[in-house]
Each structure stands twice: as structure tokens, then as C-alpha cells.
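Structure record follows, encoded as C-alpha cells.
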Amino acid sequence: MAGSIMKYSYYPGCTLKNKAQDLDKYARSSALALGFELVEIPEWQCCGGVYPLGSDEIATKLSSVRALNYAKEQGQDLITLCSACHHVLKRVNDDMKNVEDIRTRANNYCGFEEAYAGETKVLHFLEVLRDVIGFDELAKKVVNPLEGKKIGAYYGCLTLRPGKILDFDDPENPKIMEDFIRALGAEPVIYSMRNECCGGYTSLKDPEFTKQRTEQIFDDSTGFGADCLITACPLCMFNLNKSDAKTKVPVYYFTELLAEALGVKEGA
Amino acid sequence: MTELEKKIELIKEISGSDPYKCMRCGKCTASCPAYSEMDIKPHQFASYIIRGDLDELVESKAAWKCLGCFACIERCPRDVQPGKLVDATRQIVARQRGGDYLQPEEVPELLTEDLPQQLLVSAFRRYRR
Amino acid sequence: MPMNEENKEFRPLIVAFCCNWCSYAGADLAGSSRLSYPADVKIIRVPCSGRVNPMFILRAFERGADGVIICGCHPGDCHYSTGNYYARRRMALLFSMLEYIGVENGRTRVEWCSAAEGAKFSKTMNEFCEKIKSLGENVRLGDLRCKN
Amino acid sequence: MQKIGVFVCHCGTNIAATVDVKKVVELVRYEPGVVFADDYMYMCSEAGQEKIIEAIKEYKLTGLVICSCSPRMHEKTFRACAEKAGLNPYMVEVANIREQCSWIHKDKEEATKKAVILARAAIAKVNLNTPLKEGESPVTKRALVIGGGIAGIQTALDIADAGYEVDIVEKEPSIGGRMSQFDKTFPTLDCASCILTPKMVEVNQHPNITLYTYSEVEKVSGYVGNFDVDIRKKARSVDADKCTGCGECSAKCPLGKIGNIPSEFDRGLRNRPAIYMPFAQAVPAVPVIDRANCTYFKTGKCGVCAKICPSKAVDYEQQDEIVTVKYGAIVVATGFDIINLDKFGEYAYNESPDVITSIELERLMNAAGPTGGHLERMSDHKQPKDIVFIQCVGSRCDSEEKGKPYCSKVCCMYTAKHAMLIKDHWPDTNITVFYIDVRTPGKNFDEFYRRAVEQYHVNYIKGQVGKVKPQPDGTLLVQAADLLDGKQINMKADMVVLAAAIEPNPGVRKIATMLTASIDNNNFLTEAHAKLRPVESPTAGIFLSGMAQGPKDIPETVSQAGAAAVKVIGLLAKDHLKTNPCTAQCDTLLCNGCSTCANVCPYGAITYDDVQVMDHGLRETRRVAQVNLALCQGCGACTSACPSGAMDLQGFSNRQITTEVDAICR
């Protein structure tokens, strides 16, 4: 299969082109090292960051629908890295598949050649590692195992919930990031705040409240021995970094550690 | 249909959830990370809606304090999904008076060097429309 | 005499199929509670609403009935567990077909009535009679069987 | 042509005041088939019946129409009366001119007219009546009880004590069921094994009871009074006749120490050997070899148990055995289990060994349990100081994939029991119960719960727990809300006990299918009538006992077990069963074998058979429906579903009902 490398449509989202460039660039270089390529879809628009609050809203779902339809036309799965994009795209896709009213109205707006009905498969980058590459295969490709590192996976909310629609992992007791950490040769630290909210968007107007939340996250994870945390969400990263918890430890995008373990961090 | 029934129907439609299913177990309120900030607690949303005390909901701080973390939605044993009722309340406010918890004018002040775009768009969608 | 004929009130002919366990007992209770309903209603006892073959209803309309009502046990209470569910589905289909051939939907009805609901039975029959009266005399169905 | 006699009852003035009975008699006299018509003050009286008998004899009547009260009142009376005069009882029809005529109409002319029409319909029907004979089928005087928990044990004992033979089939190596795992029982707090083990022994020694443990029902055919059941006796690998139950084999099994085979009976709280009895008081006291784990069966090496056994009872060559037994009645007492808690990750059951279920707590409190009755945390074997109970874990859930929509009924009571027992032993323990509602209907039940609050100071808080968070210091942080006080609570606990929802034993669906016994959405067996026939399945000859029918506590289970036994005894006491003659019949010439009727039959009374038929001079083999008259209850569902008109119902035939329609619409 030399030469014909697996290609995925890739939806980076607003923040990865900007403040979260690390999340993006390490993912791209790691993907190549693992034998697949992230092909950024042209003219993508922001997903909105939040799944529309009213089930009767259509316009706010259209940017996602266009991205989903583009991937369908390419015959490719659609990959995201950002928690929020992952959440919004999967939920809009579920609407397009299962909610007739939304499907009809969205298609009326978009006027695709062929109506879109949720055909595209949306995958988080971690799901590709787990379900396509396989963590055992990933482990074999690791050249710099992160031995001795005790890493706490911080999931936050948007990657996991609502569990039924996102179908990412067990929303209360996830293990995909822990398995990922093991594949990189490090030791995962399991702590119960790992799927509790960091405060999310409220840090814009209530930064003090967000600090309470992140302090609890650091206290809990370091209490169990974590020496750093990983996340897939630029907003979690921001909030965790803003923390002035006594127990604060470094926070990395999971792709950064992946690139490091695969030996492709430099020059990414 | 009375005015009250119409309002309840509207909330049911926007939220896609049924407040009458609530059995007042309080698992949502127990799960809520923003509990201390909410003046009306998640489990009370269903009763406020059923009673028709929508004005109080609309005036409440709670609607703006919900983190949208989906913990209550995930754990609700009755599929009421209180978070969706909170979101519907925000929508009613936003549709009635354009959402007044975040004004565009105040944004420049709030910006910092490392503030991610995701935060801005999320806040705008949650606080406004 | 012709004037008299004109003024004569229309009295419909109504056939009611009642299951033995719930609705027939409900009709008995209506009787022992002296809850009247028009004499136009004539009850045929069947073991279960699920026993009511669509042919019986067609036959009634063919023979000049103005309305047919089928009464069974409440959903979940059927003496035979599931007969009323079959009746409900079967009649929904039959009634839509009857409407197609000219028997208005109001002339047919399925109603659940328990052995304790004498009042409901009487009320249902009164309402149904009123409805049929408002619809007037039915156009008698022709013989539906194939003829060659 | 029938010779029909019509009798119009005055019922005092009940009928006669509104219906002109004489006129009815006059008008029906000339109906086809009628040879005699008369009226009388009280038809149901001795004198009235005498009149009927005389008329039958004098006019050689072949059919009767009684215009009187509802057939639900006196149809039986008039049928018996006809039989006395030598007339087949099913040649009698009743026209209901009281409840459905005289009592609801005021206008005499109108009521009389209606009475005549109702009489005509009945006369038309009788013209088509045929004599029907109640069928008879013999009864095998032996009962099968599926499940050897307290429900099955009680049912079997009651039947056996009445003098009938009973077999119990239990899939585990011992009878005893869930109750044998319990420590104490509410609301009296007597020890579960003290009241259960004597019954288990009694079952074992009862001359009328045969035990099939480590066995499963494999196949069921036949019908009420005549079931044929195949029972698979799984190979125990131990000869029960030779075994003395000394326990040497289990004690010496090398896997007992190193095997890591979790004990099912102790809910995985300790390990067991590969050759084992589930618990010390097991009945029968004969071990089994768990072949999936046994070293000898896996590698051919070891054989310690066979060598050590003083009575040479270990038999590695033993095979499964199928026995076929005939039964007259079958009782389903398959019991319950608790739901799997994988979907409730928020309570950390899989993450923390100190989050346990209530059944595990029973084992931890039990003197014969893994800790010898000393309550300790499984993580560090320390005694817990702060214990939190969470109610309704998986009960009363709307979302089907997570939990169950019903209330599990027993959790409120056993939690109060647990709280009090713990406080009795270790008064320093702090106990908090998080509840949604406390439900304690039952004799002495609310008093019991109040005692937990008032005397034992158990802290009851209304509000479901949101999350249990294992902490770095080994404690559990319980995040909850006190809805009545309006507070969010973060409470440290050493142990959390989950009242997991109850569900029917997962094997019941397979058994119900074999028995054609209906089952509801939650896999509980359905009663023939929710109120009036609560221990019978709609399928004749199948009876329900215990949790298999719905959540219930021990006293309720025992009552229901007794009730099921009485129903079985009532059935077995008969030499023959009279069968309802108003059954479905298949016209094999019309039947095309499409299975529509079998699919709608609630009783599994329709089977298919290949028969030779002569059709227009051609002999051919056809698959046609056959009605088992012992099972058919005469609902007629098949008759209206049959697309070819082959199915008909005796006593309510298509022609009979059509002719009634015609008579009314004349």
C-alpha cells in the first residue's frame, strides 16, 4: 500500500488555526508518522462552539452540515481534534440522521445536489487511534516512550456527553485517554474529576468561579499522583492554565505528547 | 389551550424535553457543578415551568450560570434533561429581548492575549443567541 | 298523513358488539343502575372484541344498520390478554376502508368500557346515537360479495 | 329444523312493567323454529324451571330461548335446567330483556319492540346452535417447580404436603436461591438461614419431592394436565449417591488458594475452589466441579479431588443426562437478580471496591460470609465509620437502556434493615441514606423505617446522589443534594452501598418461551388477570410464584407461593379436566397453513400438522392448523384473523353472529 496513504477529511475549527496551533500541528505530524493524513476541508466555517440551545434552530447548524456534506462528497470520514467541534459536529450529524424536521429544513437551506442525511462518520482523532490504528499498534510505533510519567487525562464535558449521541466512550468512566497514555509508555492517573466541567465559557465573565473548578481538578488529579494533565480542548487548556491552584501541574495537548513519543515533535 | 399551556408547549418544543416526567429525585441538582451560582436549582426548573412561573425563570441568574456541561442531562433517570430546560429558558430570554448578559461593547475589555476563539464564540452563543 | 311522515323522528338502527367480560358487563351495570340510553342500540354478545370479524360489520351495514360500535376491555385488561389490541388495529383499517366506500367515519366506533363503567357505557351509547342521528340514515351497502 | 321453546320472564314487575310480555310471546310464536312460547312470573324459580322441563318433554324441544335477565346472571341456571330434561345445555340462549331493555327504557311500546328484536336474534341463533360437549383430558398428577428459591421451595412443600408428587428443577448446585445469601430479614430481623435451611432440608427429605439441582429445563411440550418436560441434569462430576458431603475435595483443591475463581454465592467477595459447594448448608450437600476452571479438565493433570475423596465419588467421566418427565402443572419460580451496574459509572462501582451492592453487604454482614460477619472495606479491611446508602439505583428510570421503569419495592425496607443492623453491631457508625421517596407500605413496615430514624438516628436525606468520587486518601466523596433543606452536599464516606434495581432472572425469557407463558416488557411473567388471577399465567396449567411475576418481599413471596400451590393442587385433584366447549375449530379444507392464527393465539393452542385431504377428487398433503382443545380458551382471535375463513368458534360461529346481525337489522 506504499504511496496510497489513508486520507481523512479534517475539520480543525477556529481555535486550532489560532491559539491552539499546537493541538493541530502535532496531530498532523503524528498522523503522518502513523500512516494517515489529515486533509483540511476547504472553506470550513466555525461550528459555533456550542450546540444550538434550542432544538428548533436550523441556521446555527448549517456550518456543520456543510462540513459534514463535504466529507460525504469526498467519501471520507470527518476528523476533529477540538472537543467542542467534535461535540457539535456529532450532534448535528445525529440530528441530520434522526430528526426529520431538521433534516428537511437544513437541506432546503443548503440545496446540495443530493440531500444530506447523516451519512458521514464523525471521528475524534483519539477514536482513529483507538478504532483504526489500534493502541497496540500505536505502542509499537512509539520511539520515545514517556516512561516514568504519571499523566492525568482531563476529559472535560464536551468529548463525552451526551454519551448516547457522541458514542465516544463511557461518559462516567471513560478509558480511551488512559489507554492512549499507556500506549505512549506512561502511567495513567485515574481521578474522578476527569469528566467534571472546568467552568467552560463562564471564564469570560466569571473567572473566579472557573478558578474554583480548576483548583478542584488539580487537587484531585495531583492527589492521585499526576505530574501533568493532558486535554483535547483549547478552552479547558485556557481555563486550567489560568488556575492559581497550589497543586497546579503542566497541562499539554494530548497531541503534543503523542508527537513527542513518536519522535516527530521537533520540526512539526 | 390556555396561555400557560402555550408557554409550556413552547418550552417543550424548544427544549425537546418534557418537564412532567420529572419525579423530583434531585440527581441533577446533586450533579450540578454550578450549584453554588444557581439561584434556581436545576431540579426546580421543571416545577417552575409546570407551575408557569416563567417570569421568575427568565429573571433568574441561574439561566446564565449553567455551564452547559451535560452532567444533569447524562444522569437524569427520567430523561427530563434539566439542562435542556435551562437552555430553553435562555432561548426565551434571547428571543424576547435579544440576550442581555453579554454586550458586544464589553468584549474588548475582557480579551486577553491567550484567550481562545472558542471561548468567545461559546460565550456569545450561550449568552446571546 | 304525509305531513306526519315528514315529522317523524329519525330512529337509527345501531348494532353494538360487546365483549363478554368487560363491556357486556358494563352494559349490565348501566342497566342495573338504570342509566338509560336509546332503545335503538341492540347489543350482540361476543367472547372478545377480537372475535368481531369485519364481515359482521359489513353485514350490518349491508342489512341497513346506521351505526356499528365495538366495545372491549380497556387496553391491558383484555380477558384474553391481547384481543382488544387486535380489534383496535383491525377496526382502524376497516373503518378507513368503509369511509372510502361511503360509510362516514362517525358511523363506526371502537370504545373501551370496563365492567365497572356502567355510566361510561350509557354515556357512550347516548353520544353515539346522537352522532348517528346527526348523520342521518345510512346508505345501505350493496352485497359486497363477488357475483358471477 | 329446530323445535324451539321461548320463555318470557316477568321478573316480577322488573320486566313486565316496561315490556308487554304477553305481546312478546304473541309476536315470537311465529318466528321460524318456534313451536312453543309462554311467559311466567319468575322463570328462574323452581316453578319456572319446572315449566321449562315440562315443555321440553311435551313438545320435544331441541332449543330454548329464555327472555330474562342478563345471561351473566342465570345462563348457568337455565343450562342446568335444560340438561335435567335431557337437552344439551348449549342449546340454550338468553335474550337479555332486563338489564339491556326494561331497566333502561321507559316507553313501554319501544321497550316491547326492542324485547321482541332481542328475542328474535336469540331465536335465530338457537336455530344454528349445535349440541356441544365439554371435552375431557386426563391429568398427570405430578407438578414441576422451576426454581429452588424460597418461592419454589414453599410451592413445592405445599403441593407435596397435599399428597402430590413435585419435582424442583434448580440450575445452581444447591437450592436456596437469593434468600440463602441474606443475613437477616425485615421487619422482624430474624436470621434468613435460620428460617430457610429447615425448609431446604424438609424439601430434601420429603417423600413426595424430587430435586433436580444443577439442572435446567430443556424442552416443554404438551398442555395443561399433560406436559412433557425434558430436564438436563448437568454433569456434576461427582456421584451424588456415593458422596457424603465431607468437603475434603474442596478443602484440598489446589485452586482454592491460587485459582482466583470468584465465588458466585459470595458475589465475588472471595474465591472458591474448582470443586465446590456454593455454601456450607447447601442442599444437596454434594459438590460440583466447575469444568471451565478445573485444572484436570483443562490440562488432564491434577486429579487431587479424585485421589483424596474417601468414598470415591469424584467421577470425571460423568455426562450430562436428559430425563423426560410428565407433569400436570408447572410453576415458574425463577426469581430475580440485581441489574448490572456498568451503566451507572457515576457511582464508581467498578472503580472502587468500597462501593458495593446491597447483596454484597448481606454477604459482608453474614456470619458465614467472607469476613465472618465483620463489616469491613474490601480495599483495606478496615471497619467503615461513615456509610452512605444510595436508593433507587436503576429503579424508576425512564431511559430503558440504563435502568428499569418500575419501583423495586424491597430496597427501602432492606436499607432500613441494613442501617439498623450496622448500628446494632457498631453504634459509632454514621449512616446516611439518600432517598427519592421512602416507600414502606406493609404491616409494621413504616414503623420499622421510623425506628431506624428515631431510635437509631439514621440520617435520611431526600435527594438522589449525583456522583461518588473516590478520593486520594481512600475515602469516597459523595456529591448529593438535600432537596428539602436546599443544600448541595459533599459528604465523605468510607463505604457506599447501592440499592441496585431488581430484575427478573435473565433466564426467565427462555423458559417463558418454552412454556408459551406471556412476559411483559420488563421480563416479568404476566398474570392471567392482574387482580383476579394473580398466580396463574394466561397459559393454562402454568402458575407463577415469587419475583418472577414482579418485585415482592419474602412474606409476599411465600403467600404467593402458597397461592400457586393451591391452584396446582386444585388442578391435580381432578382426574379429568373439563374443557370449555366453545373452542375454535379449523376447517382443514379451507385452511392454507399460513400461521396467521397461531401468531395471534395468546395460548399457543394452535399447532400445524400435515394432513391428507381430498380436494375436488385430488388427494394431497397440506399443512393445516390444529386447535388443541385443552388449551383453547375460546377468545376467537384466530377466527377474525384467519384470511381464508377456515377458523370458526363453536357457540359463537360466524353464521350464528351473522344471523343475529340479520335478525336485529331485519
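To keep things simple, chains are lettered A, B, C and D as they appear, and every chain counts its residues starting from 1.
Just so we're on the same page, a contact is a pair of C-beta atoms (placed from the backbone, for glycine too) under 8 Å apart; a residue touches a chain by one contact, two chains touch by 3 or more.
Note that the structure is a prediction, hence the values are computed from the model and not measured.
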Once the contact rule is applied, which chains count as partners of both chain A and chain D?
B
More Cb-Cb contact pairs, comparing B-D against A-B, go to A-B
Would you mind checking which chain's C-alpha centre is most distant from the centre of chain D?
A
Cα-centroid distance, chain A relative to chain C, in whole angstrom
62
So how far apart, in whole Å, are chain B and chain D when each is placed at the average of its C-alpha atoms?
46
What is the distance, in whole Å, between the centres of chain A and chain B, each centre taken as the mean of its C-alpha atoms?
25
Centroid from C-alpha atoms only, then distance chain B to chain C, rounded to Å. What do you get?
51
Would you pick out the residues of chain C that each touch at least 2 other chains?
none
Per-residue overlap in chain A, given as positions that touch at least 2 other chains
171-172
Within chain D, the set of residues that touch 2 or more other chains is 346, 467
On the basis of the stated criterion, which chains touch which? Give every pair.
A-B, A-D, B-D, C-D
Mind listing the chain B positions that touch chain A in their complex?
13-16, 33-34, 37, 65, 67-71, 73-74, 84, 87-88, 90-91, 101-102, 110, 114-123, 125-127
What residues on chain A touch chain B, complex-wise?
13-15, 18-20, 46, 48-50, 52-56, 60, 82, 84, 157, 160-163, 171-172, 196-197, 199-206, 209, 213, 233-235, 237-238, 241
For chain D, which residues count as touching chain A in their complex?
342, 344-346, 348, 350-351, 401, 467-473, 477
Sites on chain C touched by chain D in the complex
13, 15, 20, 24-25, 27-28, 30-32, 34-37, 39, 42-48, 50-56, 59-60, 63-65, 76-77, 79-83, 86-87, 90, 122
State the interface residues of chain D toward chain C in the complex, per the touch definition above.
70-73, 96, 98-101, 103-107, 110-111, 113-114, 117-118, 121, 518, 526, 529-530, 538, 582, 600, 602, 633-637, 639-641, 649, 652, 654, 657-658, 660-662, 664-666
